[in-house]
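You will see two complexes here that share subunit A, one where it goes with subunit B and one where it goes with subunit C.
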Partner chain A sequence: MNTILLTLLVFSPLLGMLLMFLVPKTDEKNLKMLGFLSTVPALLISLYLYIQYATGTDLSRFSIKVDWFRFGNLKSYDPNLFAVDYELAVDGFSLIMVLLTSILATLAAIASMYIKKEWKGYFMLFLLLEIGMLGVFTAQNLILFFIFFEITLIPMFFLIGKWGYLEKEKAAYSFLIYNGLSSAILLIVIMILFARTGTSNIEALRHIMTVGGVSLFAPISDPMKYALLIALLAAFGIKLPIFPFHTWMLRVHVQAPPSIVMIHAGVLLKIGAFGLIRFGMGIFPEQFRDIAFIIAVLGVINLLYGAFLALIQTDFKMVLAYSSISHMGIVLIGLGALNEAGIQGAIFQVVSHGLIAALLFFLVGVMHERFGTSKINDLGGLAKILPVTSGFLLAGAMASLGLPGMSGFVSEFMAFLGLFKEEPVLAAVGALGIILTAVYLLRAVLGMTFGKTKSMSFEGISEIKGIEFAPVLVLLGLIVGIGVYPAILSEPLQATLEAIMLGIGG
Partner chain B sequence: METMLSYDWGAMTPEFIIFGTAVLLSIFDLFAPKQFNRRLLALLGLTGIILAFVSLLSLMGQETISILYDTFKLDSFAIAFKLLLLAGSALVILLAHSYEPKEGMQEYRGEFYYLFLAALLGAMIMSSSGDLITLFVGLELLSISSYILAGMRKKNLQSNESAMKYIINGGISTAVTLFGMSYLYGLTGTTNLKEMSEGMVGVFDSQFQYLFGLAFFMILVGLSFKIAAAPFHMWAPDVYQGAPTPVTAFLSVISKTAGFVIIYRILISLYITAPGDSIGALTFLEKNGVYLAFIAGITMITGNVIALRQRNIKRLFAYSSIAQAGYVLVAVATLGGGAFLFDTVWFYLLAYLLMNLGALAVIQLLTDRSGSEDVSEFSGLYKRSPVLSVTMAIFILSLAGIPGTAGFIGKLNIILGAFAAEPGHYVLASIMMGVTVVSYFYYFGIMTQMFFRPSATNEKMKVPGGIAVVLTVCAAGTVLFGIAPNLPLDFLHGHFGDFSDFFE
Partner chain C sequence: MMESAWLIPLFPLVSFLFLLLFGKRLKEAGSSYMGMVFTFASFVWSVFTLLDRFQAPTYKSEVSWLTIGDVQLTAGIEINQLNALMLVVVSLVSLLIHIYSKGYMQGDERLPIYYAYLGFFTFAMLGLVMAPNLLQLYFFWELVGAGSFLLIGFYFYKEEAKRAAKKAFIMTRIGDVGLLIGIILLFWQVGSFEYDKIFQAVQSGSISAEMITLTAILIFVGAVGKSGQFPLHTWLPDAMEGPTPVSALIHAATMVAAGVYLVAAMFPLFSASETAMTVVAVTGGFTAIFAASIGLVQKDIKRVLAYSTVSQLGYMMLALGSAGYVAGIFHLMTHAFFKALLFLAAGSVIHAVHTQDLEQMGGLWKKLKITGPLFLIGTLAISGVPLLSGFFSKDEILTAAWEHGNHGLFWVALIAAFFTAFYMFRLFFMVFTGESRSQQTKVHEAPAVMTLPMVILGILAILSGYVNTPWFGTFLGDWLTEGNEYLAATGHMEAPGWIMIAATAVSLAGMLLAYLIYGNRRISREGLSGANSTVYTVLYNKYFIDETYQFSIVALTRWISLFLSYVDRFIVGGLISAVTATVQSLGKIGSRLQSGQVQLYGTIAFFGLAVLMAIFALTGGYFG
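This part shows the complex of A and B:
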């Protein structure tokens, strides 16, 4: 049954973009308000979807499929050959990602209160970015996926390059080129699949590649399948990012405005993981099984590399950036384990890190707003002046290092549980990373909260207040919620997980 | 008895209209008083082009018409590409209407318009040719008119240099092409393309095939000049930079489209069925496609890499248009994977027409006023004119192949063809994707100037009527065909099917 609900979900920010035209560009207050309100419909719809799902409604009744366009004049041979449809749908996994996106978008819109100039352009790009992100998770064919994927690229370039910190243009370029490369590789994979099979529908491709028995436009050889999977790994590896493709992401984390980093660390990096799971595991399960060990090794490298470098950073933003690399390693470890616990851990980590990174970067924004710096040394003695903020910071760090009772613990535990089952030695090496995580996070946070007080004047600096509480409390609530009651995530994931396990034959 | 009147002259209505308008304009220009504002002639020219466009539309849906002993034929290929040529020319003449350089155009404005129409006429005759003679006449009409157009600003040094370079390079390329054609005539004894193609199908003797190959490569080299494909692209940057901006727009869009038309008319139509070895297992193009692929690859790389270092915006766009021609050549080299031979090229040229003319319109607007052609002219444009800079951003995104624009769909179609062929052209398509990322550097460099950099002046931009129309049409088309590519694609397939009459 076709419904327009998902279309509404994805394109609801468009309404806000149009309304923006009506507001004069100097009207800061209304622009910020409108920007915030424009993200709310998507949030409400995704919550509605989640409630529908939780009460047992079949999500497939929300899918929509409309003819869009087709390449070539081959209609008479086969009406579906080289046709690209507009098709959106959600399942448990994508529902969670959509929910994560819409929550973080709303919170980041709140965090956008720190934006100092050109609010109109900022919010228009911000909302365009949201459309891209929501589309990525609901698109049901690869071409549509790619279009939404690229739509996230352009607003990000401008958001970093215009509203970022000192070296913003360099960071924007770095972002553009690395992600452009990643999209180029991705597009090659997508187009090879499309050209050879005549379809880009994800479900159809999964069927063709795993079951077979469908006549193709041109054959796809077995070595080609490996090549395609490795290309996918490279494309999403840049996005995730996997060491050594991570330098762009450091720049973005440091230079972009905090609200954008919330989105970036919270959702955009996760598209890499989402793609690996959806397409890598979904379309090439057999080939994925063969390279699983390599993925696990890459994961451990990421985990340790990120953790070691986070140890020596003097800027808290850099600590968090390296911590992101390290935590994405855990996603790879979970995927590389290739059993139910591992994959579940990986997906949990995707969501959990999304929330934790958003929380920590919001707090960075709070501090940057007040002190104009995020250097650990400069912020020494924070607990005396801003006890509540310091408390939140500590809570975020605890979540990040995997304190039981918070979401980080569940995901790390499951990912490692998975890997220990398959590759105990590798997992043991990786477990070192967990210890390092605790060390670097505590070093950084304690350095800021209880470190030596600087002589700089803290007069007139106020505690976290008013609307600033909202993102912090919502995020902390979710982090603790998932930590205490993981079923709110694992239940929607069950069906997806079973389908994946069926594919890889685990 | 067959007389001149028994031909179905109706097939040539669009050509007659353009021809008539050109004659009318030249007479008008001759007798009109000196103080008469010759800018009004542009509107007359525009009317002619629109009339020709409408008459062409009314000719659609008929059987292929062939007159004058098959030298002129109106098949679906001719109609489809003439639609592009006419639409592009209508936009270019609007650009010319608003063209106000600091010096040098005032007294020759009238000439500009009718020479322009003559060039258009040449391009249209090329699209309809079924014979080497008419093809060559069309080519020469286009070329010679373009040489003069390039040198239109007589007192401008660069414009002179540009015309000089163009005429010398163009002359050489025409000579080479003609030399190749003479081989074809010598071997087959006919100038009619259809008879020639029928004759070539049965040639399995490797000695003859060698000679046909020689003809192929000579014509290819000659025509590579026309479309500014590397390594025969050297003239393009100098000519594009020196020529008046509307002429640059004409050369980079209309003339280039005509170049692809003639490549299809001669090289593809003759060699797609000709055998490439002594047993006929491979056709000539299948066997030698790698050379076309080589030219496509090197054109894309050259265009995109050299564009990185350009500061002059017109020069930058010259290299960008070399790169864009390289993308189209990918479709030609891979024969669109067999299934997309015509629609890929047509769609990409349509997208290219819209995005490149749009971008050049902005460039004309900015460079006319200041006389400087440095990239920094774009700095702070967003502050001065948000609408103009967003429009320019649309064109740039389309040229860079970002989704949501026609350029993206065009690129998708080309890559699809490259991969759908068996064996797939993986290397060529990968080069295309790789250099696309390289092109982000210079395309987004303009974005950086427009949106991130402060402006030198705060003077508001005033957009003349002609340019405003061009910008609106191009921006709307670029976005519309990017979001709803089914409109042009269904139009194409609905009216022209597989272009099956191209080979008849």
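This part shows the complex of A and C:
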């Protein structure tokens, strides 16, 4: 049962990092090429896993579990007690997250062509970040999860702080403080669980909490369970982010280089959703059911708050930042609905928003490279000089506002379908967000592309070209693919969903 | 043919994708022929499908699309009478517009994109009318909206086009949210999006009466948005910023009729709720007269036609709300032909004189020898002059309203018919009679590629009424309701003879009045615009509806946004500053404790240990 495939998957970027040492740090071209190539093995392995899964292979075949370290000397008493193993595995849900991560990492590596300096350090950190993300989604115990979670923080801090725009340092610190806080809360939760149950294995914890019948090292009372769940909600809520913990991510969206925002909006925010589903819903299903309504309310607040603020932003990056908050509201709405439609919608939204945000931020990069600005009022009439880029931008906006035939529609639809069953009035209020989303996206995108060309100096600026097409076409292809035939995403999720529903007892 | 009907929308989709990718290389002629050939294929397939449907029963085929829990959502096609008819109407008008556009849009360097968008729209519209379930309908419903958005914004460099495109998308989306909610609520009642299952559930009474009313009205909200009914009508006249052939196709003949189609397709649900039916009828009747009154004074040829469209769509809604299922669909079909004709003829006029301002036209009858008579045919048809198509369908609607007992609405519709005849002939006389006020000296008739589609539509505008007349037989009505248990009582009704006479009389009166004012000018125009200046101002400014929205909803939204931005900056921001300040001061206190005095450290360590021991003693080691 032990195979090294997942280990290879998670640590494959390490090979690229080692090879980086051999390339001189001024050799821009080769560093960028190597950076890109280093993300390819992980992509190939995750594609291989998806194909294996699609052709009927049991994913548990790829699990790995090796003794790592243990606390105390209880081996003779119970070999599993207080042991921390090195254990990786994938199920349908994490497979999808891994695939999303590896695809976006490769595309972001392409988008890193706009990085202007110190490529060696940049790609080292970039690859380390990828290891962290892949590890987060495959780790099978909380301690390993936490280690990978922390691995994502450090490179992110430097990537923002060094390669970002004007106020990059402030953004980097803001990122670090908030996420540090989130980590601290998470660590407390993990430690309490570990100390009281003697295990940090997710499956084992799930079993202990939902089935029971296991004599615990120290019992966990019901109030404690609620406290732990709320702590988890806070920890992952900062990450997602949930209002009012969102200010750090606005700064990151605006100040970090576009390639990093692709990763940040595409994958890192989704760790919050992943954590809520895996740990919040998975380990504390009964308690989660009790606070589901609050989560749905938070979701509607996020959705509308983000949408209203996106409406009056003057910088396209800010529009997208608030739009991310708004779209994460849909994840919460789906989770709060707590039925098949809602949870499936939430997971779809995680993937869908990952792809769409990556697409839009890549296009921000394309425009920033050419115009040096993403202010809506500085641009205008771009469709005249850059018809193809503008077309892509419009397609991205349409995807984001949930046009059918694109992934955003499926996820939005399912999340609302779920919530309308449980809380029709709340859902109807949330549905206002569907209108507002169209308003702010069209206002921003048409403001940049339609109307009169703002400045003559835009003449002669080149259209999107060459390798720049790759990320756009891949992302659009995936967005439309999921939108037209969502079964490619829903099939792998069914087993995970059934397990969750079983836990909730719905 | 019905088994392969799923190909019908795919032809224009292929055309769209192909033109998007290779349009530039195909050049102007290549891309227009590409579009025409593929639409022609759709049309031929639709005709065969319709012929097939005459003999065979309704065909339905589905495949699995998405699983949600235990529910399998499906995608597929359904060919029933209504769908088959709509397929032919849509593909025919689309084909004619494709041909016409070759002349009208000649010389536009973005012609391949134009044809690509036309293909996309046609694909979406055909997909919409074939959908066997509400979810799929919604899917294409939105795509149709996107196609319309792209085409309204085709001249993207014009500020007006940008605004109009945005407005169209947003206004219809407001309606769409209603539709979406209605669909979802119905789903949780029935457990399915399928039409059949919904109708069965409605009939078996497993849905409460309130729920039927609520969902029907929510679905109707979607139709209100798409079909430009009051109060969501304001986008439709602005949509005239798009190229004129687009106005003919989308904003007259097909897409705006989708709302009517939706209500017709969901008719068994609507007819189960008296309240919902009344809402539909009243909205339709009100819109019919409301828009017609605005149309009386507009100065832009396309805007008059746009308000006329809004008004005629109101007629169709009135028909459906008065249980005139056949009347509504019949008028939808005849209207598609004569309104498309009117728009294309108007396009031909604009093409000739390069203005849309009625004040700058006149005396074009002699110069536009083909367009003029065709425009007259369209005008006669829409005015409900006997023997033309509009006469029969309008008569059906008036009959339905009367027979259903909506006498008030009947009189409203009759007055609206008078208005219609008046503003249409006002348009006709201002454009074609009198002296030329145009700056343009060289006025040419349009090329054959433009006149041919107009001639075909002209013939249809005259003849299409004869499929359902009280004199020769109600073929359409019989066929549409045949074998459909839900529509048993909605076919043709025996009309009191005086309705037909009254309808003819009001339309002739409208014509006469228009003639007296704009034809031989016996009555001064000032009498209309000058004397009742308040009325005129209100009408000319479309009852200030746009302004009202601007100062209410738009302003409110902006105000909320600004308010929240202050919340974001000061309350959320302030909270964060407070937290940082607390942490900082804690840090300062902590650093003050680092005094280097071992005694102090010892005291603190001892104190800490004491607290831990106390906790241990009280709780036995663990909290909670």
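Here is the rule we go by: the second predicted complex is superposed on the first by the 501 of 506 C-alpha atoms of A that agree within 3 Å, B and C clash if a C-alpha of one lies under 4 Å from a C-alpha of the other, contacts with A are read in each partner's own complex, and residues count from 1 in each chain.
Please note the rule applied: a contact is a pair of C-beta atoms (placed from the backbone, for glycine too) under 8 Å apart; a residue touches a chain by one contact, two chains touch by 3 or more.
It should be emphasised that the depicted structure is a prediction, and the values quoted were computed from it without experimental measurement.
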Is this a clash or a fit when subunit B and subunit C both end up on subunit A?
clash
Classify the contacts of A:383 with the two partner chains as first (subunit B alone), second (subunit C alone), both, or neither.
second
Looking at A:173 after the superposition, I want to know if it touches subunit B, subunit C, both of them or none. Which is it: first, second, both, neither?
first
Looking at A:247, would you say it contacts subunit B, subunit C, both, or neither? Reply first, second, both or neither.
second
Determine, under the contact definition given at the top, whether A:72 touches first (subunit B), second (subunit C), both, or neither.
first
For A:424 in the superposed arrangement: first (subunit B), second (subunit C), both or neither?
second
Which partner, subunit B or subunit C, is in contact with more residues of subunit A?
C
If we overlay the two complexes on their shared chain A, which of subunit B and subunit C does A:467 touch? Say first, second, both or neither.
neither
Considering only touches as defined above, state whether A:196 meets subunit B (first), subunit C (second), both or neither.
both
Check whether A:188 is in contact with subunit B, with subunit C, with both or with neither, and answer first, second, both or neither.
first
Stretch of subunit B penetrating subunit C in the combined three-chain arrangement, among 310-318, 382-390 or 418-426
418-426
Show which residues of subunit A both subunit B and subunit C reach, each in its own complex.
177, 196, 218
Report the residues of subunit A in contact with subunit C in the complex, numbered from low to high.
177, 196, 218, 220-221, 223-224, 227, 243-244, 246-247, 305, 308-309, 311-312, 339-341, 344, 381, 383-384, 398, 403-405, 409-410, 413-414, 416-417, 420-421, 424, 427-428, 431-432, 434-436, 438-439, 442-443, 446, 449-453, 485-487, 490-491, 494, 497, 501
Note which residues of subunit B are touching subunit A in the complex, please.
337, 339-340, 343, 397, 402-404, 408-409, 412-413, 415-422, 424, 426, 429-430, 433-434, 436-437, 440-441, 444, 447-448, 451-452, 484-486, 489-490, 492-493, 497-498
Show which residues of subunit C lie in contact with subunit A when the two form their complex.
64-70, 135, 138-140, 142-143, 146, 153, 156-159, 161-162, 165-166, 169-170, 173-174, 176-177, 180-181, 184-185, 187-188, 557-558, 560-562, 564-565, 568, 571-573, 575-576, 580, 621-624
How about subunit A: which of its residues touch subunit B in the complex?
67-75, 82, 143, 146-148, 150-151, 153-154, 157-158, 161-162, 169, 173, 176-177, 180-181, 184-185, 187-188, 191-192, 194-196, 217-219
